[in-house]
Each structure stands twice: as structure tokens, then as C-alpha cells.
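My questions will all concern the structure given below.
Think of it as A, B, C, D and E in the order they're written, each chain with its own count starting at 1.
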Amino acid sequence: MIQRETLINWALFALLPATALIALWMDEPFIITLATKVAILALAGVGLNIALGLGGLVSLGHAAFFGIGGYAMGILASHAQSYAPLMQTPVLIEGTTSMPVIWLVAILASALAALAIGALSLRTTGVYFIMITLAFGQMLYYFAISWPAYGGEDGLSIYVRNGFPGLNTLDPIQFFAVAFVVLAAVLFFAGRLARAPFGLALAAARQNPERVETVGLAPYRLRLVAFVLSGAVTGLAGALFADLNRFVSPTMFSWQMSGEIMIFVILGGVGRLFGPVAGAALFILLEHVLGGLSDYWHVYLGGLLLLVVLFARGGMIGLAAGREVAHD
Amino acid sequence: HEGGVKVGMITTLSGGGAGLGIDVRDGFMLAAKMAGNDKLEVVIEDDQRKPEIAVQLADKMIQSEKVDVLTGIIWSNLAMAVVPAAVAQGKFYLSPNAGPSQLAGKGCNPLYFNVAWQNDALHEAAGAYASDTGYQNTFILAPNYPAGQDALTGFKRFFKGEPAGEIYTQLGQTDYAAELAQIRASGADSVFFFLPGGMGISFLKQYASSGIDLPVVGPAFSFDQGILQAVGEAALGVKNTSQWSKDLDNAANVEFVAAFEAEYGRLPSLYASQGYDTANLLLSAMGKADVKDADAFRAALAEADFASVRGDFKFGTNQHPVQDYYVREVIKEGDVFTNKVIATSLTDHVDAYAAECSY
Amino acid sequence: MTEPLLQIKHLRKAFGALVATDDVSLTLYPGEIHALIGPNGAGKSTLIKQIAGNLAPDAGEVWFEGRDVTPLSTVERARAGLGRTFQISSLAMDYTVLQNAVLGALGRRGTVWRFFRPVMRDADLRARAEAALHRVGLMDHAHKRTADLSHGQRRLLEVAVALTLNPHVFLMDEPMAGLGASGSKRLTGFLDDLRHEAPILLVEHDMDAVFALADRISVLVYGRIIATGTAEEIRADPLVREAYLGAEDAA
Amino acid sequence: MSLILLIEQVLNGLQFGVMLFLMAAGLTLIFGVMGLINLAHGSLYMVGAFAAAAVAGLTGSFVLALLASLIAAAAAGALVELLVIRRLYDRDHLDQVLATFALILMFSEGTRWVFGSFPLFLDIPAALAQPVSLPGGILYPAYRLLIIAIGLAIAVGLFQLIARTRIGIQIRAGEADREMIAALGVDISKLYTLVFALGAALAGLAGALVGAIQSVQVGMGEPVLILAFVVIVIGGIGSIKGALVGALLVGLTDTLGGVLLPPLFATFMEASSASSVGSSLASMSIYILMAAVLLYKPTGLFGSTT
Amino acid sequence: MSFLQLRGVEAFYGPSQALFGVDLALEEGEVCALMGRNGMGKSSTIKVICRLLKEARGTVEFAGQDLTRLPPHRAARTGLGLVPEGRRCFAPLTVHENLIAAARPGPWDFARVCKLFPRLGERRDQVAASLSGGEQQMLAIGRALMTNPRLLILDEATEGLAPVVRQEIWSALATLKREAGLSLLVVDKSLAELRAVADRAVILERGSTVWAGPMGDLAASVADRYLGV
């Protein structure tokens, strides 16, 4: 039997490329760009959801990883543009404009940052965890603002989008395809993760860490691994986002960014695999549609969000799929 | 349609700093309305002061709206995110407010025109004024971000004395007790600050009740029409530098101030004047060339053949203004706080980066 | 004589001025049920916590299977084979009953670093979990959310999870609490068998169960063991009667 | 740096701390005691400041303005509690985050709608506008001394309310188990509305008091909100004493960091880049402080360990 | 009409039904035992009475008032004192604070509760979270008494108590009934003690009342069939 949520997930999943293709047909490249933005921000949300939904780790500092991913792209590409190596001693590191390489660097860098931040932050729990992750995010934000080498608050512009072998990434639909495939792959991975032994233990540690300890599993390690995976995925999304805009700036590190990623997740439905996709899509759509309505469109956006929280328990997906069915 | 120009205006209309964007927009639209030119079409979008949003809106303007000219951005960091890519795609960009140094110097572009000022200019004018007035050791402060660093550099470029102290405050800081104590202890003979928006309001109010009695100089941003009412008495007597003032006595300005008040029921601000000039520059070029002929249109823009509300206006080699900078004093006219021109600080001033620009 | 599986040596723990565990020594031999009884607040749960590793003693040692486990963490002790149930149920409430049991089985296997195989389709884990649920009689409720169980049912699940761990020693803190008369009777019968798999250190206020099950009984009062002996000896001990049993058993 | 300047800066740090406490006080109540993550607290702060500015503009009286800030913010708080927050107590923290985020959007843009996009005028009364001289030749603004006094009074009052009164006990019991306290016959809903309104009123008062020496503008609440959260977390959630200590620590760190770090860096760096590096480190300093405190004590300085 | 009367009570946890028709009557000054095996609906019945389980149908009347439409705190103020299953003490509050949090005027005050449970007096300023299980149980009973109820509802209130203490509580309850005329609704697993103290009994099986009557009439065969003793 296929559950209703699964059906909705597939429909949502198909909607994104369908939108992009229709936009292509109607010659509305900007709509494709919007779809790409949805895919990328959803990816960031999927990353956060690993920590937040599965592990119950409410991180208000995921902009740190998003920003690190973004700056990985910005720094590598700017060095490639200026032909100035990134580092000469002890090993020569050159810039690059190859997306796969940039992704790898973004993933590694943000995973490393997540390891460090997570190792420290996970000593705390609950609201304290929210705040300490926020603190680390803010440290990076202020650092990025006042660090002159890569533009400070002005950020870094990369005039041409980085390349992907065999594709013309400047063509909106091709870049969309890249982002979408990455999202699909990560969704597949995250879906398996939730059902795997690791996922079971992690989610149990969210509900009752004492219980997990008593069966001989260490919650701290489970959480740390989840946090690193989560940070890495969000970092990858950051690199893609920077490529979408061909621009990075410290706003990628801001707490509002962390908040926005979290909003996607909550809006779509915490812990639901496709929640971030639904959340990001709805948010971007609202932003786009309402933005034209009035100078004071935030009032309407706020009102709509409020309605969703009050009346759609379990987010958009929860609303559509009905009461959660425990699956085993 | 034939000879028409489609303008994409990306500016800040919601959230913090929306007042500036709204004024630029209103000034621009006023000029368009007064010209009655039905070949000018304007699309306006709100960037929420977020660079990423600005970039995406620029994509939208270029890809979907197919605009010919972009304008509207208030903030340097947003301009740096949008302008290089826009001109690379063959679009004109007319800046009504931000003038980052990169775009004035090495990064200048034939399609980029700045109708306001290069970022350093008002600070340079303030430095020059401070020296002219005989200040020897001004205490200078600005927030710690690129525009703040440029501000202090710009001030020092024309200031002949030795700063008594130089402080970078936090971006968004609202309490200045510590800085005020440092100023008091520094033995300075005057104070220069660049603290845009609410930071400036906070600083001035706290300055006023701190018991420090030194003369204050600053760029126009913290003393502009929109913000002065919020500062109140604390601003009275402060000298600030600007390329425009409500009381500049030229025909274009008199007409502008009256029309703006009639249309919107408030006094125009610096930003409104810049938006107004931007539209008039564009209209003047439209009368001379077709925007599809980029070279001709560019030449028409470069002539700057319009009646600026600032009086004399021309472009330098890097297509940034060569203009006079005035010193204004904050006064009270009846119930409203406003500015009065008291001196001219720099005449026909060319920005510091023009020499680095070559196309 | 065989070696004790679990040996507590001169354990001491104070909370401020209150000495909750006062030089307690205790042994648990293979195949036995050793009951620990005593008034409320005597320090029974505190002692269990120190054995399981949730609480660090101020002094003394815990030896398990011939080695000193005092420096080990809760997780390490659980892995070494100490299976514990809580006085107040401590379960993953959003999970189904079966998922809770599978979690136990997973802990017993020890490796969670698998990111791909769906855990609920793992035949081995599932079999182990279902067997445990069968034994406590919760198999009918396997697919219920744990939060939807009644109080007594949760107590049983608590025991079932401990079973999936196949521990070498059970530490049970009031497993009967909240079970009705029939439930207690059933669990009593069940624990009677269980002792052959692994010995049990049993904290319990249900005297019917304790007297029916325990090979040895230790009585803890104000953190000190005041008596250890068989059911008969304890029942007859006037000190114990006064401090703990009251008139109940005189009847 | 002269000793007298250093003392003055320490005083500034303490005063900034008290100001932060004023902002954090209402938040502690709502966040720490009621267990509700209220991101819209900054909006209530803004509402207070705007109400004060509006009334001061109309009547010219600062006292009336303060009164207006209290009333307006309390009313807004009560309304928000009745319409929105009430449905969120037994929800996940995350739902509270989203809902109160939505409230920020509505409050901010709604205020802009009503009052326009430019900052408003609110000034301190002339009587308090001059500095007073303190022993040791320190000149100190009278108004700031008033803020210190009010802040300390609120600290004491709140502490008494929460720790000593039966209402305080009931509120804390409600935080531990809402259903149970209701089952014992306490009308916890009404109590929570009152507490929320009180927290809001404190936020509004802080907005008006602080707004008078800063700027009254849309969005003024958000930076404050973050700082107030930092303060509460450092002090330990739910502890009024913690909030006060946390606020003073943050105030001192921020002020002294900004004052001492640049000259420190100047000893081995060129002056203007020392100033910029030093002040960027200073802006990180409170976050570094928070991280350090939490690493040392994961539940804040005065937080309970449960 | 009885002091407490339930008729045809049904109750739901979301989609699943827990009670299918519970009838119960209790006269003022009486002690009624509510019995049944695990999961049969005893606690759910109590939650319906106290209005903690709102998805319910049927009538609940107490002291002449219809409780079914009152919010929980109003229901409690009609004179219900609840000792809930699982204690539910206010963990971060001290013993004293727990006790005075919901106190209402009447003969029961802090001193009197401490006389009943001296241990609570000894632990006056200790937070409830760090009390032993049995101490928490005493606290929960004391807390309910402090509201000076007319009907005390005890859901497994002797769970986890030492036999001596249990005996004390039972005798205290008997005294309360005798001297203060307090009515009691009791869920407990010890049939022997219930027999001694209760006037009447109600047995639940799968969410419905299957037996009700005077305690003395409860035949061993019935008890065996429904309670498994």
C-alpha cells in the first residue's frame, strides 16, 4: 500500500522539474531560476532536517555551513579568475572553476566546521544548543564582514558561473538540472538514512537519550555524526546557492539565513523527508507573488505563515498527508 | 516599442532602510511623471536590502522583463553584487545612490553611470571642511565594514591635521557610551562620524546629553530630511557635507522641491533628489539616442545634458559626477528641522579613483 | 563456590549532608535473584544508578565479571552486559512498541554505523525484538505508539527492551510498580524463569513478589545494608519489620 | 589609558549591562518561566517605543509616554497571547519559532504602515539631559543613571515575584506540567495571559526608555532580541538573577572588548588595521563569551541542571 | 442523584476509543474502588472526570454540577483532588512549593501534611526531581490534600511505597473518610486493602463497566475473572 504522504512526496518532486520545463517552453527563464532557487534552498533544508528533524538538534547556526559552502565557491573561483594561487606553501593550491571540485571542497570544509562546532555545541541541549549554534554562526558572520581579503561586507562577485563537465551552466535549465539532480540524490540518501539503524538510534536519542544510553549506544556520537552530515549537505547547498547568484556575501552567514532555512523545514513539516522541498517552494512562491502586491507585503506573508502554524500541524506535508502514521 | 526605454528599478522598499529606497523611487517617478514621456516604462522590485535577492531580481529584470536600463540600488554591497553582472550582460546601470570605489576605479565600465557620488566624496568634503575651519585633531569614527573604512580613509585624504582618535564601531551598534568617553578623554577639537541610519541617531542623541561640547562634522546621510526629525534638537548646528540641499538656489531645484512637496506631502530628501536627477539624466539621453544603439545612448548619457537640481553637473572620465560639495548646517524652520547651505567645501571635485579607470 | 558476577565494594555516595549510599557492599551470583528492599528514600535507586553508571560514587568500586567497571560510562557498562530497567518508564515515546524493542536489539548488536539498510527489515533484529515482546505479552500491541500504551503496558515494555539486550546481569528498579495483580503475578512467574538466563538484582516494594522470588534479600535503610538473608530470615528480622515491613506480614 | 577613563568605561559596561537586562527582563519571564520561545519579543519592544514616541509627540510629556509604552505593549502582548500564543504552549518549540517569526513580520511592516519608513523622534526630558558629576570627576549622563535605577528595581521586583509569590510558584509549576496545575484548580491560562502581558509591558518600557537615547525605528527590536537571548542563556534560562548577571557580563565584555582590544592590537599592528581587527574581534566577543560559558556550564551560570 | 455520577462515558485518544460506556456512582462520604486489569480504562475514566481527557461523551456530574463543559481548573475547584498516575510532581519546584502551589483554604495545610508524611517536612526545600520515587508519591498525595478536596481521586497512589508507608496511608485514608467525611475514588492494585477500605467497587473491562456494587458483594469468582486474582 502506498501511503498518502509518499504520493504527495512524489507529486511535489515531479512538480519542480515540471515547472522548470513549462517555464522553458514559455520562455520564462526567470521562473527556471526560481525553481533552481527552490531546489537549492530545499537542499539546505534537507541538510538541516537531518539534524533537526531526525536528531532533534535545533541548530540556529546552519547559516555557518551555508556560508562556508558559499565562500568555498567564492574563494576558489575568485582565485581561478585572478590566476593567483590560494596558497603556495607548503603545497600549491590553485583556484578552480570546476563545480565538482568546488562541491567537494564545500562539503569537506563545512563538514569539518560542523565537526568542530558540533563537538563543542553538543555538550549542551535544548535552548542552550539553539543559542550556542547561533553564537558560532554569529562569530563567522562578524568575521566575514570585517575580513577584507574577500570583500568584507561587500562580498565577492564571480562574473561567470562555474563549469560542470559537459554542461553549459549559464543556461538556466541546465543549471537547474544540476541542482535538481543533486537534490534528488541527497533526498534519496536522507530517506535511507532515516530508516537505517543509524536513523532509528538517532531519532531515539532525540526522544529519550537515557534510553539510548541504557541499550549501550552513545547519544553524543550519534548526534555528532548527524550534525556533521547535516552541515555537509547544507554546505553543498551553499556552494550551489553561490553559483546560482554568482555572488557570495556575509549575509549567507547571518542568523536570518539560519532562521530562513529553519522556516523552510518547519513550514514543510519537521522530520518529513520532503518537508523542506514543500517549505522552500511555498516560501519562495509567497515571496515572489506577494512582493508585487504591496510595499507592506511582509504583513501578508506573516499572516499566511501564522495560519500555517496554527492550523497545519506537521507543516504543509502534515496538512496534506493527515495524521502521521508510524512506519516500521 | 520604438525609441522606448524599459527601466528596471531594484531598490529597498521593505524592512530596515526602506525609507531611502522609497525616496529614490518617488524622486525618480516624479521626474518621469513631470516629463510625461510615455516611452519610459519602469518596473519596480523590492530587494529587501538582501544582496542575494537583488541578484535574483536583476536576473529577472534582464531575463524576463528584458529591461534596457537598471537602476535603484541604495547600498554598496548590493550594487557590488548586481552591477558587474548586469553591465557584463550589456545593460546600462545608472546608480542613484551607491558609489563603491571598485566601480569608480579599476572596475569601471562604459555602461555604468553614477548619478550620485563616489562613496568617499562626502567624507572627503568633510575632511576638507574640517581643515578649512582650522580643526587640528578631529576624532573620527565609523562602523567596521568596507563603507566605514572608506569613510575614514576619505576623510583623512583631505584632512590636514592629525586625528585625535580613530574608532571602528560595530555595525548596528546602538550604544555609544564607551566611544563618548573616549572622545571626551582624547582632547580632540572636533568630531567626525559616519554612522548611517539608526546608528547616527543614537550617537547624536547620546552625544547631546554627554556633556561633550565639540563641533561635529559628518556626511549628509545622518542629517538628511527623513532622519532629522528623529534626531531632533541634538542635531542643531551640526555641519554636514552634501552635493545637494533643499535651499540650493537654482530653477531646477526650486521646481523639484515644490513639485515633490505637492505630490507626496513631505519635504524631499537627498535620496529623492538623486532619484529625480537619475530619471532626468535618462530622459535627456532618450531624447537624443535610441537605447538599442548602445554607443550612441552611452554618449548621450555621458553628455549629462539635463538640468540637475544640484546646479552644475557633469561626468568625469569614469562616468562619476564632477560636482561641487556644500557644507550644510542643521537648523530649525518653524517646527521642522532642516538644512541650510553655509559654505562650499570642494568645487568641481573629481573622485580619487578616476585616474585608475580606463575602458 | 562460584565467583560473583557482580560485586559492589564499599560504595559511598552523599548528596550534601545526606549520605544516600553508606559503605554498601553487595554480591550477585549466577542464577540468583537478589532482592534489595528498604524504605522510600533509603537509597535503592541511587545504588542502581551507581551500578549502571548514571551516577558516579564518591568512593568504592563496582566489579562486573571479574573487572573493575567503576571508571566506565553508562554506555560502556551497558555494552559490557548490564541490562537495566527504570523505576519510572524511560522509553522512546514516539516510537512503536516494536521500534523500541528493535532499538534494544540494535544496541545489543552494537553497530549503528549503517546508513542504508532499512532497520525494520533486518530479520535478525526483528526476530530478537519480537521474541522479547512475546515473552512479556506485548506482541499484540507491537504496532502501537508507545505513548498510547497504558502505564502498566509501558512497564512491561521496559522489561522487554532489557530482554533484547541479552544482558549478563539484570538491574531492575521496581518492575512490578504499576502492574495490576494479574500483571504482577505473570511477571513474577516470568522473572522466576529469567534468573537462569542471567541473575537479577531486584529492587521492589511488592513483598509478595519479593518473597516468592528472592534467593537472598538485602535490606537498605538510610543508605546502609542492615540485613541480608533468605526470605524467612528477613521476614523474621524485627529490625526489618519495624523499619520496613510494618504489620503487613504479621497477618 | 588613564585609570579614570578605565573606571568610566567599566561604569559604561555596567550601565549597558543594566540596559540589556531591561530588555532581557520581559524575555526571561516569557521564555524562561513560561517556556515559550518568543521571537516577537523585540516587536513588543518596538511597539513600546513607537507608542511612547507617538504620545510624546502629542502631549510632550515623557512620563505619559512611558505610561503609553507600558499600556500599548501590554495590550499588544495580551492580544497576541489570546489569539496566537495560547495555542502554542503544548506545541513544539519549533512551531513557536515559526509563529513568532510570522508575528515579527506582521508587527514590523504593520508599524511601518502606520508610522512610515523613517525613524521617529523621542527624546529624554530636559531635566535629565545633562550629565551629573560623580565622585572622582566622572561626568555621567543623568538619564543613564535613571536607567540603571529602573533596571535594578525591575530586577528586584521580578525576582520577588517569581521566587517568592504564590503566583510565581504557580507559573513555574505550569511550566513544569501545565495540565497538572490546571487539574489542581489553578487557572493557568489566565495566569499566562497576565504573565505574557507583563513581559510585554516590560519589553515596551525598555523600548521607550532605551529608544529615547537611541533611535525609534522599525526593526529596532531584532538586534536587541538576539542580545537578550544571549544574556538569558549565559545567565541560565528561567533565572532572574542569571539574567542580571548575564546582562552585566555581556555589557562589560562588549564595552571593554571594544575599548581595550584595538589598542591591544595596535601594540603590534598598524593603527587603522589594528582598530578594524580589534573591533571585529570585539563584535565577536559576546558570542565567544556565550560559547565559553556554555562549554564550561552547559545550562548557563544559574540554570538548573534538570 | 449521587455525589459523583458517570453515565455512558465514552472517551477517545484521537482516532482510538478507550472508553466504551463507563457507569459509576459514588455517594458523599463513600470510598469507591475502581478496578480492572492494565489498560482497561481506569486512568482514562479519571481523566474524563477531571476534564483532562476532553474528547469524551456521556455525562459526568459531581455535587450536582455538570462537569462535562468545564475547563479542568473549574472542574477541580468544584472539589476534586487528583493524585495522578505517575505522580507528576512539579520537578523543578521544591517540596514546599509543590505543596503550596495550588493550596486552597481548609483544614489541610502544610503542617498537617507534614504530620501525615514527616519525610516531606524533612525534605522541605529539596526539589521534587531529586526525591526518591516513594517520596514523590507522598508529595503527590500531599499536594492533592492541600487543595482541600471533597473528593480525593487516587490513581495508583501507593505505587512504589514501602509496606509500612502504604499501611500508614491506608489508615490515614480510613481516618479521613471516617472523621472528615472525605469521599474517595481509588485505583489500586492491592485487592486486600481495597476490600478493607472501600464501600463499593466498579470493575472495568475493555473500557466499559462490567460490574458495580457494594464491595462486600464482590465475589471471589468475579474478582478472579476480571482482575486475575
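Keep this in mind: a contact is a pair of C-beta atoms (placed from the backbone, for glycine too) under 8 Å apart; a residue touches a chain by one contact, two chains touch by 3 or more.
Everything numeric here is computed off the predicted structure, so don't read it as measured data.
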Set of chains adjacent to chain B and to chain D: A
Between the pairs A-C and A-B, the one where more C-beta pairs touch: A-C
Chain centre separation in whole Å, for chain D relative to chain C (CA means): 48
Whole-Å separation of chain centres (CA-atom averages), chain D against chain E: 44
Cα-centroid distance, chain A relative to chain D, in whole angstrom: 31
Between chain B and chain C, centroid-to-centroid distance (C-alpha), Å: 75
Chain A residues counted as touching two or more neighbouring chains: 145-146, 148, 296-298
Residues of chain D whose C-beta touches two or more other chains: 108-109, 112, 276, 279-280, 283
Set of all touching chain pairs, with the criterion as stated earlier: A-B, A-C, A-D, B-D, C-E, D-E
Interface residues, chain C side, partner chain E - complex: 15, 37-42, 44-45, 87-88, 148-153, 174, 177-185, 205, 207, 243-249
Footprint of chain D on chain B - complex, ascending: 14-16, 18-19, 22, 144, 149, 152, 166-172, 174-175, 177-179, 181-182, 184-185, 197-199, 201-202, 205-206, 208-211, 226-227, 229-234
Chain C-facing residues of chain A, complex: 189, 192-193, 195-201, 203-204, 207-208, 210-218, 222, 225, 326-328
Complex contacts: residues of chain E adjacent to chain C: 13, 16, 36-39, 43, 85-86, 119, 130-135, 137-138, 156, 159-168, 189-191, 227-229
Complex contacts: residues of chain A adjacent to chain D: 52, 58, 120, 123-125, 127-128, 131-132, 134-136, 138-139, 142-143, 145-148, 255, 259, 262-263, 266-267, 270, 296-299, 301-306, 308-310, 313
